[in-house]
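Structure incoming, see below.
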Amino acid sequence: MGPLEHLPVLMVVIFFCGAFLMPLLFRWARPICAPLMVAILAAALVMAIIILQSVYQLGPQLYHLGGWPPPWGIELKVDLLRVYMLLVLFVISLWIFIYALRDLGNELKEELIGWYYTLYALLVGSMAGIALTNDLFNLFVMMEICAITACAIISIKEDRECLEASFKYLILSAMGTGCFLLGVAMLYMATGYLNYDYLHGSLVEAIALYPRNLLLAAALFIVAFGTKAALFPLHVWLPDAHASAPSPSSAMLSGLVIKIYAFALLIVFYEVFPAEMLQGVPLNEIILWLGSLGAMFGSIYAMLQTDLKKMLAFSSIGQIGYIFMGIGFNHEMALIGGLYHVGVHAVTKAMLFMAAGVIIYATGVRKISDMDGIGRNLPLTMAAFAVGSASMIGLPGTGGLISKWYLSLGALEMGRPFFVIIILISSLLNAVYYMPIVINAFLYHGEFQFRVKPVPRVMLATLIFGMIVIIISGVFSRPAVVLLEDAVSRFF
Amino acid sequence: MTDSTIIVLITLIIVLPIIMTPVIFFASRYSERLRNSLAVITSGLTFALTIALYPAAVQGNVVQQTLFEILPRLELSIRFDILSFCLAAISSFIWFLCTIYSLDYMAKEHACSRYYPVLILALGSCQGIYFAGDFFSLFVFFELMSLIAYILVIHEETEEAMRAGYKYLVMTIIGGLALFFGIIIVFELGGTVSLGVGSIIQETSFLALIAFICFLIGFGMKAGMFPLHVWLPDAHPVAPSPASALLSGVMLKTGAYGLLRVIFHVFSVDLMLSGGWDTILGVLAVITILLGSAVALTQTDIKRRLAYSSISQLGYILLGMSILNDNAITGAVFHIFSHAFMKSILFLAAGAIIWKTGIRKIADMRGIGRQMPVTMGCFSVAALAMIGIPPLNGFLSKWTLSLGALDAGMPFYVLVLLISSLLNALYYLPIIIPAFFDVPGGEDHGTGDQHEIKFNIKEATPGMLSPLVILAICTLVFGLTPNNIVFILSRLTSAFLLLGGAL
Amino acid sequence: MEDQIVRLTSRLVVPFIQLYGIYVIVHGHLSPGGGFSGGAIFGASLVLIAVSFNLEAGAKQVSPQSASILESGGALGFALTGLAAVVMGGSYLANRAAGFPIGVTGDLFSSGAIFIITLFLGAKVASTIVTLFYNIIEGEKKDGTPEKHSG
Amino acid sequence: MELLRNIADNYYYMVAVVLFVIGMYTMLTHSNMIKKVIAMNIMDTSVFLLFVSVGYLSGGRAPIVDEGLSAAAYANPLPGALMLTGIVVAVSVTAYALSLVVKIYRYYGTCDYDEITDIRSRE
C-alpha cells in the first residue's frame, strides 16, 4: 500500500487528531495552535487536490478501515462527486478559519478559543466523514458528531440567545437523527447490509418483498436530512441558531453544515436507492416542492427581518431550497445546478456572514435600518456585501447565475417551466431585500451614526478573497461544471 | 476593412470606457479639470472609434467573434453588423454631446466624482449591448447598464429620487429576470443563444411563446412599453438633465434594439406573423402611443411631460417592429435616430432652463423664449419635429411608418399615428407658443415690461448651448434632406434585417 | 450534604467500583464490556466521591485540569493508534494486518491494538464523565443562583 | 386474524413504533426542556430496541466464538455492536443537552420553553 492510498482516511483523521491536540497545546503552547490549525486545514486541502488527481487517473477509490472488507468493515469511498464536496468543504473552512482568527477574540472569552479550535476541527472532520463514508451507520456517527459540534460552536458564546438557539437546534437535530436511525433500521431489516453499494445491490430484490418498509425508510430519510439541512418546513431551528452564533460559526453553519446534509440526502437518494424504488412514488416530487416552497418562503421571511444576521439566516433557507430543487428534479442539468449552488452558496453566504461579522466588529450595528450610510465608512466590506448580494440574486458575472442557469435548464428539460418561474420569483424577492441594504449603505443621504473601529487587514483580505471567488465562479465556471458533469453522469 | 480590424475596434469601443472608469474615478482625486477632460476625451474617442466603422457598416460587413466560453455552448461574443453600428453610433454621439453639456451643468452639482465615472461606464456597457454577439452577453451588458443607470437616476439623492430609483430598480430586476428566463428557454429550445445563426427557434410552441413574452417583458420594460412603463415617468425626470437626456434618448433604445434582435434572430418574421405574435406587439404599441401622449398632456412639470412623451415615441418604434415590413422597419430604425436627437435636445434644453432659472413648471415658462432664444429655438425645432411638422425628421419617420402600415394593409395604424401627432401638438405647442409670444410673468399681458426686468435672464453657457445647437442642426439636416446618411442607414438596416439578419 | 452513612458507604464501595471498572476495560475483547462501559463505571466512582463528600474531595482524586488533559489525551491516543497501523503498513485501525502482536485467544493480552485502544477509550470516557459533571456543577456554583431554583 | 397474527409476530415492531411516536410527540409538544431531553432518549431507545431485536435469535447464544457450534447458533452481533455506538452517541447528546438546559436555567430560572418565550417577550 502506498502512502497515497491512505489519503481518504487521513483527511478525516488529521482533523480528529488536531481536535484533540488543541486543548493540550492551548494549555502549554498557545501560540502554535492557530498556525497548526491552518496547517491542518491546508494539508487536508492539499490531500483533496491530490485525491482529485488520482480519481481522475484511476477512477473511484475505496478504503477499508482496519483492512476489513465490506459488508463488515467501514468503507470510505472517493469519487468525483465526493471530491468536489471535499474541495468546497476544505477551501471554505480554511478561509473561514483565517477570518475566525481575528474575529473570535471579539466574540469569545480567551480561554474558550482553544476549545473553539477543537470544535472547529471536529466539525470539519465530521463533515469530511459524512462526505466520504460509504456506510450508513458510519454516516450516522459522523452526523451526530457534526450535529453536536455544530450546536457547540453556537452555544460556546454562552449568551442567552445562543444557548436557547442551540438547544432548539439540538432537539430538532436529535429528532432528525431518530428518524434517520429508524430509516437505517428499516433498510437493515430488509437487506442486512449497511454498506451503500451492497444496499444498492440488494434493494432491488428487497423492494419486491418489503415495499412499504423501504418507502417508509425513504420518507424518514427526507425528514431526517430535511430537518438537519433546514428544508422548508423543517427549518424552524435555523434562523435563531445561525443568527445568534458568533460570526465565524454562522458562516460555517450556513455555508457548509446545512449543505453537507443536503449532500448526504443526494448520496442516499441517488447512490443507495435504486431507480426502481422511486418509481410510482412521488418522493422526488416532494423534495422538489418542498425545495421550491423553501425558496419562496425563505425569501419572504427574510424580507420581514430587521436583524442583519437573521435576514441572512432566512435567506439560507431560501437558498438551500434551490439545492433541494436540484436534487428533486432528477435530471442531470438540475443536479449540476444544485451541486454548483452548494459551492456558490457556501462561498457567498459565508462571505455575507463574514461581512456582517466585520460590521458588528467595527460598529456593533446589527439592525439593518442602522446601516444606512455605512458604505462610506466600510467601503470594502459593503462592496463585498454587494458582490454577495449580486450572487444571491443571480446577477451575471457571479456564480449564482450559473447555478440558476443549470437549475432552470434542468427544469425546462423536464418540461416544468413553472419551477423556472419559481426560481425567478425567488430571485426577485432576494433582490428586494438585498438591494436596499447595499443602496442605503452607499447612497444614504446623511452620515452614518455610529463610531467605526478600524478593521484588521486579515478580515478585509478574507472578504476580498470571497469576492474574487464569487466572480471567478461566475466567469470561469467551466472546470467545476465539467467536473460535476463527470461526477453525476453515472446517475443518469 | 478586414474582420480583425473590426474586432479590434469593437473591443476598443467596449473596453476603453470600462477601463477609463476607474482612471476617471482616481483622477477626480487630483483635479476636477483632469477628470472632466478625461471624461470628454473618452466619450469623444469612443464616438470617433465607432464612426470609424462606418465604411464597414455600409459595405454590409458582418463579423461574429467568440471571445470566451463561460459554459458549454454559452459564450461571451461580439458581433458587428449594420444594426449594431447604427445604434452604437447614435448613442456614442449623444453621449459625447451630453458629456460636454455635463461639464457646465454639473459644475454646480454634488458628487461629480461619482457622476463622471458612472456616465462613462454606462457608455461602455451601452456599447457592449450593441456589439454583443449573443443574447447572454447582451443580457450581461444590459443588466450592467440598467444597474449603473440606477446611480444616475438617484444622483440628486432626494427623497423623491430615491423612491423613483427604487421603483426603477425593482422593475429593472423583474425585467432582468424575465430576460433571463427567456434566454434560458431559447437556449433550451435552440441549443444556442448566438446572434450568428439566424432564427434560433424555428417553430411556434408554448415555450416559445413564453420566451417571446419574457423578452417582451424584459426589453419592453426598458423601452417603457405599456404596461411596464410605470418606472419611466418617475425615474427620468429626477435624474440630472444630461442623464435624463441619455436615459430617454439613448438607453430606452437598448430595449428597442433588444426586441429587434429577438424578432429577427431568435424568431423570424414568418414565425412572428404565423404565430400572430406581431398582434401582441402591435396592440401594446398602440396603447403605449396613445397612453403616453394622453398622459403627457396632463403633466405640468416639463421633464415629466418629456418623459411621458418618450413613452409614446417608443411606441412608434414598437409599432414599426410589429408591422414587420421594409418601410415599417426603416421607419422604426429611423425613428430610433430621430427620437434620440429630438429627445436629447428637449431634455438638454429643459435642463438649461432649469439650470439657469430653476423653473420646472410649464406654466412658469411664459416668455422664456425671449430670454433664452437659442435654447428655446432648439427646443422648438425638436418639439416641432416631434409633432411631425413636414420637413423635419419626425415627419420622415412617421411618413415611413405610415407607408409601412399601408403596405401591410393596416390603415388603422396610420390613424393612430395621426391622433398621436395631434396629441403631440397639443402638449408641445403650449410650451413653445407662450415661451415666445407671451411676456414673462403672468396673466397680465399688457403690462409685461416691468416683469421683464424681474426676469432678466441670459442664455446658458456656451458649453451647454453648443451641444444643443449641434443636435438641432442634425435634426434639421436629417429631416430636410430625404436622402440623408441616417435614412440610408435605416434603409440598409431594414433590408439587412429582413434578409434574415444572420451572417 | 453531611450524611455519615452515605460517606462511609461510598468510601467503602468506591475502590471496588474502580477496580471493576478497570476489569471491564481490560476484558473488553473477551467478554461484554470494554472501554465505554468500563470507563463509565470508573467515571461514576469519581462522581460518587464528589457527590457524597464535596467538590474539593472529588477534585483531589482527579483535578478538572487533569481530567480534561486525559480526555483529549485519550481520544488523541485512539486516533494515533489507528495512525500507527498506517505507519506499520496496514489500513487505518488495522490490527493483525498491521503487525500488532496477537496472543492466544482467551488470554488477557490477545487482541493487539484493540487492547491499547480500549485503554485509551476507558480513560477518555471516565474523564469525560468527570468533566461533564464538573462543568454542570461548577456552572451552578460560580453563578450563585438563588437557592430556591436549584431544586 | 391474519392481521392480529402479523401484529403478534412482529410485536417488537409495534413496541418500537409506539415508543418512537411517544418520543416524537413528547419532544415536539411539551415545552419543558427536560421532558424534551427525556423524549429524545425514548425515541432513540425505540430505535435501539428495534435494531437489537433484528439481530436477536431466539435461543441463540451470545456471539462469543467457541468451537463446535455452527454460525446459525449465534445471535447476530452486528446490530448490538452498532447500537452500543448509538447509545454512546445518544448519551453524549443527552449530556450536552442537559448542560445546555442547566445554563439556560441559570439565565431564566426556568426550563420551560413557553415561560422563557414569555420572559423574552416581556423584555
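As written, the chains take the letters A, B, C and D, and residue 1 is the first residue of each chain.
Definition applied: a residue touches a chain if its C-beta (ideal position, glycine included) is under 8 Å from a C-beta of that chain, and two chains touch if they have at least 3 such contacts.
All values derive from a computational prediction rather than experimental measurement.
**Student:** Does C-D or A-C have more contacting C-beta pairs?
**Tutor:** Answer by contact count: A-C.
**Student:** With chain centres defined as C-alpha means, what is the inter-centre distance between chain B and chain D in Å?
**Tutor:** Each chain's C-alpha centroid was found; their separation is 70 Å.
**Student:** What whole-Å value do you get for the distance between chain C and chain D if each is reduced to the mean of its CA atoms?
**Tutor:** 24
**Student:** Using the average of all C-alpha atoms in each chain as its centre, how far is it in Å between chain A and chain C?
**Tutor:** Distance between chain centres: 35 Å.
**Student:** Return the distance between the CA-based centres of chain B and chain C, expressed in whole Å.
**Tutor:** Between these chains, centre-to-centre, one finds 79 Å.
**Student:** Output every touching chain pair, sorted by label.
**Tutor:** A-B, A-C, A-D, C-D
**Student:** In their shared complex, at which residues does chain A touch chain B?
**Tutor:** It comes out as residues 393-397, 401-402, 404-405, 408-409, 412-413, 417, 420-421, 424-425, 427-428, 431-432, 435-436, 439, 443, 445, 475, 477-478, 481.
**Student:** Provide the residue numbers of chain A that touch chain D in the complex, in ascending order.
**Tutor:** Checking each residue of chain A against chain D gives 72, 137, 140-141, 144, 147-148, 151-152, 155, 158, 160, 163-164, 166-167, 170-171, 174-175, 177-178, 181-182, 185, 188-189, 194.
**Student:** Which chain D residues qualify as touching chain A in the complex?
**Tutor:** The contact residues of chain D facing chain A are 16, 20, 23-24, 27-28, 33, 36-37, 40, 43-44, 46-47, 50-51, 54, 78-79, 82, 85-86, 89, 92-93, 96-97, 100-101, 103-104, 107-108, 116.
**Student:** Mind listing the chain A positions that touch chain C in their complex?
**Tutor:** Within the complex, chain A touches chain C at residues 1, 6, 9-10, 13, 16-17, 19-24, 27, 63-67, 118.
**Student:** Which bits of chain C are touching chain D when the two form their complex?
**Tutor:** Counting only chain C, the residues touching chain D are 31-32, 36, 105, 132, 135-136, 139-140, 143, 145-146, 149.
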